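Two complexes, one shared chain (chain A), two partners (chain B, chain C).
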Partner chain A sequence: MIYNEAIPAILIGLPLLAAFITPIINLASKKARNAFVIAILAIEELLIILLAWHVFTNGIVIYTMGAKNPSIVPLQAAVPVRIVLEIDGMAAFMGLISCTVAMAAGIYSIAFIKEGNGKARYYTLLLIMLAGMLGMVFTGDLFNLFVFLEILSIASCGLIAYRQHADAVEGAFKYLVVSNIAALFVLFAIALFYAQYDLLNIAAIANAMQYTQLDKIALALLVAAFAMKCGAVPMHFWAPDSYSTAPAAITAMLVAASQASLYALFRVCFTLYGSLMNYHMIGIAIIIFGLLSMFIGVTMALPQKDIKRLMAYHAISQTGYMLLGVGVGLYLLGSSDFNVYGIKAMEGGIFHIINHAMYKGLLFLTAGAIYYRLGTRNLNEMGGLGHTMKFTSIYFIIGALAIAGIPPFNGFASKLLIYEACYKVSPILSIVAMLVSVLTLASFIKVFHSAFMGPKMHDVKEAPKSMLAGMAVLTFVIIFFGLFPGWVVSHIVHPAAMALVEKMAYINAVMGG
Partner chain B sequence: MLETGFGYWDAIAWIVAFIVICIVVYIIRSMGKKEHRKEAEEPFFSGVELPDEKVHVKASNIYWGFIESMKGYYDVMKKMHDGIINNYISWFVFIAVLLLITLFAKEVIP
Partner chain C sequence: MNDETNDGRMSIIVRTIATMLLPFVLIFSFYVIMHGHLTPGGGFQGGAIAASAIVMMIAAYGHKMMGKRVSEDGLSMAESIGAAIFAIVAFIGVIMAASFMYNFLVGTPLFGETPPFGGNPGILNSGGILPILNIAVGMKVIGGLAAVVMIMALAGDERGDEK
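Right after this comes the complex of A and B.
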């Protein structure tokens, strides 16, 4: 297979460079601008597949910025010099999610975002957002992670406010405040590490970690900050406000961005601290976050009348499944039970991350297609859209069945892993998870009935082709993952789960040994 | 085939089983009475005559009973989701403090 050691750097650099070229191409031709952005996103998708395949078959990839030999980290007195990109199975897995959702969002936006309203800037910010996400998951440097977190937050904020309506600006403002305070907590935690160890590299800090009082403070700050950024209850309040007001394609991207924060949370817990911390206690804390997110998310979704707000609450609820699965894995880490069902719980939680990005992305895109044609997000003003928007209806049904965990779609496979593994820890965990799935199905039946069923109430056409194509990308992944979950788990999910568990492999890739 | 740790899940086998069940259902259905009764199509709502025009139940009316029965819960939840950013941040700080207390609990509590 064609593989180049510079691919990790290209994956971050290319969208960053393309972001600033896009407005220049826009001056020459709108069509050329669209083609350029889609080509960049397609190249990104191709490159991440190459990189992921390489990582899943050959192990961790290191790229040292500015080094003569980028695959070797220069060490001076056990201190890694330069910024290091470290891509293990989990980072490659998250990169796949980011690039796939970005490609679907880019294609969808061709028709969804109308010309003459700063569309070049829209694409610029979308590409920066992608660079931010990839930077966050690829970097092996904590300060660099903070920088990419900020890049991602600022680009996201600009895109949430893109429509410049009062509610969009309010949603963006809330996102900005929450993101900045979370980022400051992260920065403060980084300062605590730097003050103690003179290090910023994740592997080097993990290697030198003493688990001092300051490290405990840093852990609380990091867990709280990343849990808030991923929308865990009770720090989720910003999510419905921001998700519902952003353009639909950006909401799909925001789901992937939240998952980049989820990745950071897992990286901190498993790699940075690992067995040094009281992982039973942190595991229980993450399980509680998960249960609260699942239940409060879904019950708050049920009475919603705004289609995107309803879906936003479901995004919170689904994040709960991921936290539950990985939390159970963390709780069992180090015990003999971990190899029996702890790893399965983690696989379920991690599999759910990619499944959720795909079906929730798809559902937000279908909501966007409805908004594009009707100009409203209010479910009370909808009805009978299935008569004319047939493809959108089908995409919605697929997304809704997948999120509710109905076989044979992908959501079922990941939820099955979570149900079974959690049952061994406590049957109550599985019962709550199943109850939440039932309520999720009920909620989406309400949306389907309100929007697509009933007599024809609106004389609207099907969504434009590019929007349907964007939805088709995510639908393809949902069906493929649903039909072949065994292959996906063994080739993609298991290496990602093991990358989190095998802390020493991550450390040794940088520090040697 | 997905190995779950306690069993297996095979989506293809499920689809095949689903198709077979659909065929069996279709065969059983086709063995029923062939004659058509027009009145069987009419829904019966406790003797109430239904209007001729087509009606559509609005989203606000769906699950009204469920939401009404959980009114106490939803009143608390609505209060929490007040849209005020200061309160959002207060929750964040509260959780951070709670995590700190949890992490230091062993040293504080003998």
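Right after this comes the complex of A and C.
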């Protein structure tokens, strides 16, 4: 494979550069701008595949910003100087999600976002959002993580409020408040680390970690902040408003953005603290977050009449599965059972992250296609759309079956891993998880029935081609993952799970030894 | 002062003093940007000073007058170009087979001097790519902050609605 050591920096730098060239190209020609943005997103996708392949076969990749030789970290008295990017299996895995969703969202947006309403700025923010997500998952520096978290939050806020309706502005404002509170928590935790260890590099802090009282406070702050950002119950209140009012392509991106926060949560729990902390307690806390999110999310989704609000509550519910799977892994960390089924639970949770980004992204995009043609998100005003919007309804069926965990789609593969592994810990966990799946299916049957079935009520056309193409990207991934789950788990998901567990490999890549 | 008859302008005294101060504020802004690698301040702070000069002119002359003189598109363009320069400078390091943000100007005639060890009055011609990055950030902040101020000043007018 053609691999260049500069790829990690290019992946973050290219969308930033492109974001600010886009308004300049926009002056020349609208078509050239669209082609430019799509080309950049396609290059990003290609580069992340190259990088991920390299990481999955050869292990952790290090990139030191501004150094003569970026693959060597300059150490001075056990302090890594300069900002280091550290891409292990988990980071590469999250990067794959971000780039794929961004590409689908970019293609979808060409027709979805109407001209003449600051569209150049829309693409600028979209590219900055991608750069923020990639920076967050690639960085090996805690303060850098905070900076990218802020970049991501601010770009997301601008995009949520893009439609400028009163409720969109309200959604953006809620997101802004939650993001800022979470970011301040993170900053405070970073200050606690810096005061004690004089370090900002994640690997170096993990190496020097004493687990003092202050570190416990920092852990509580970080877990609360990232759980808030990923929309876990009881900090989920921002998600329905922001997800339902943002343009559909942006909602798909927001799902991926929430999962970047989920990544940060796992990185803190596994790499920064790992076996030092009371992982039983933290594991149980994350399992409880997960169970609450799953159950409350799905019960709130059932009575919704707004299609995107309903899907937003399902997003909360699905986040619960990831927290449950990885929480069980954390709970069993270090015990002899870990290698038997703890790692399976983690694989299930991590596999669910990518599955969820794909099918929930697809579902939000189909909801956006309905909104584009009908101008409403209210399920009561829909009906009979299956007569004309054939492709959209097929995409919706695929997404709905995947989210409900019906074989042969990808949701089934990850949910089965979670059910089986959690059953060994406590059968109650699996029972709740299955019940939530059944309720999810019920809820999506309701949506399908009221939106697509019935007599022809509206004289609407099929969604534009670019929107169908955007949805096709995600559908392809869903079907591929559904048909070859074994290959995906052993080649992509297992290295990601092992990257989280093998804390010393992450530390040694920077600190040597 | 701020009634409809005089278009939101302030008195002749304020307008005269603001006009006289303008070049000094801009020179100070340029000084802060250019000495970013030597003294406190830098691209952001210098850019904010220049944007505050625009705020001063809006306060003195009213937003209608300033809206005719300064175009938001121009400001947005300055912002985009500033940010693009920053990213391009960072990428030159990659092209030179070193790394992203590699300081490739060290040792060259342009900002390449190495300052002597110990106390010195500050050598302007040092810092490598830092002064260039400061200028890029300065452009971005002037464009960004001034555009924000202009949009807020024009909000409610028919021009402010669309953008």
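Throughout what follows, the second predicted complex is superposed on the first by the 513 of 513 C-alpha atoms of A that agree within 3 Å, B and C clash if a C-alpha of one lies under 4 Å from a C-alpha of the other, contacts with A are read in each partner's own complex, and residues count from 1 in each chain.
One rule holds in what follows: a contact is a pair of C-beta atoms (placed from the backbone, for glycine too) under 8 Å apart; a residue touches a chain by one contact, two chains touch by 3 or more.
Computed from a predicted structure; not experimentally measured.
In this superposed model built on chain A, chain B and chain C occupy separate space and fit side by side. Comparing chain B with chain C, the partner in contact with more residues of chain A is B. In the superposed model, A:311 lies in contact with neither chain B nor chain C. In the superposition on chain A, contact is made by A:178 with chain B only, not with chain C. In the superposed model, A:486 lies in contact with chain B only, and not with chain C. When the shared chain is aligned, chain B comes close enough to touch A:417, but chain C does not. By the touch criterion defined above, A:52 lies against neither chain B nor chain C after alignment on the C-alpha atoms of chain A.
Between chain B and chain C, an angle of 140 degrees opens at the CA centre of chain A in the superposed model, to the nearest 10.
Once chain A of one complex is fitted onto chain A of the other, the partner contacts of A:407 are limited to chain B, with no touch recorded for chain C. In the superposition on chain A, A:65 makes contact with chain C only, not with chain B. After overlaying the two complexes on the shared chain, residue contacts for A:91 are found with neither chain B nor chain C. With chain A fitted onto itself, chain B and chain C come no nearer than 25 Å, counting C-alpha atoms only. Against chain B, the residues of chain A that register as touching in their complex are 173-174, 177-178, 181-182, 185, 213, 216-217, 219-221, 223-225, 227-228, 234-235, 237-238, 240-241, 278, 281, 285, 296, 299-300, 302-303, 305, 340-341, 344, 379-380, 382-384, 407-408, 412-413, 416-417, 420-421, 442, 446-447, 449-450, 453-455, 457, 482-486, 489. Per the touch definition, chain A reaches chain C in the complex via residues 6, 9-10, 13, 16-17, 19-21, 23-24, 63-70, 118, 124. Every residue of chain C that touches chain A in the complex is listed here, in rising order: 76-77, 79-81, 83-84, 87-88, 90-91, 93-94, 98-103, 163. On the chain B side of its complex with chain A, the touching residues are 1-7, 9-12, 14-15, 54-60, 62-63, 66-67, 70, 73-74, 77, 80-81, 83, 85, 87-89, 91-92, 95-96, 99-100, 102-104, 106.
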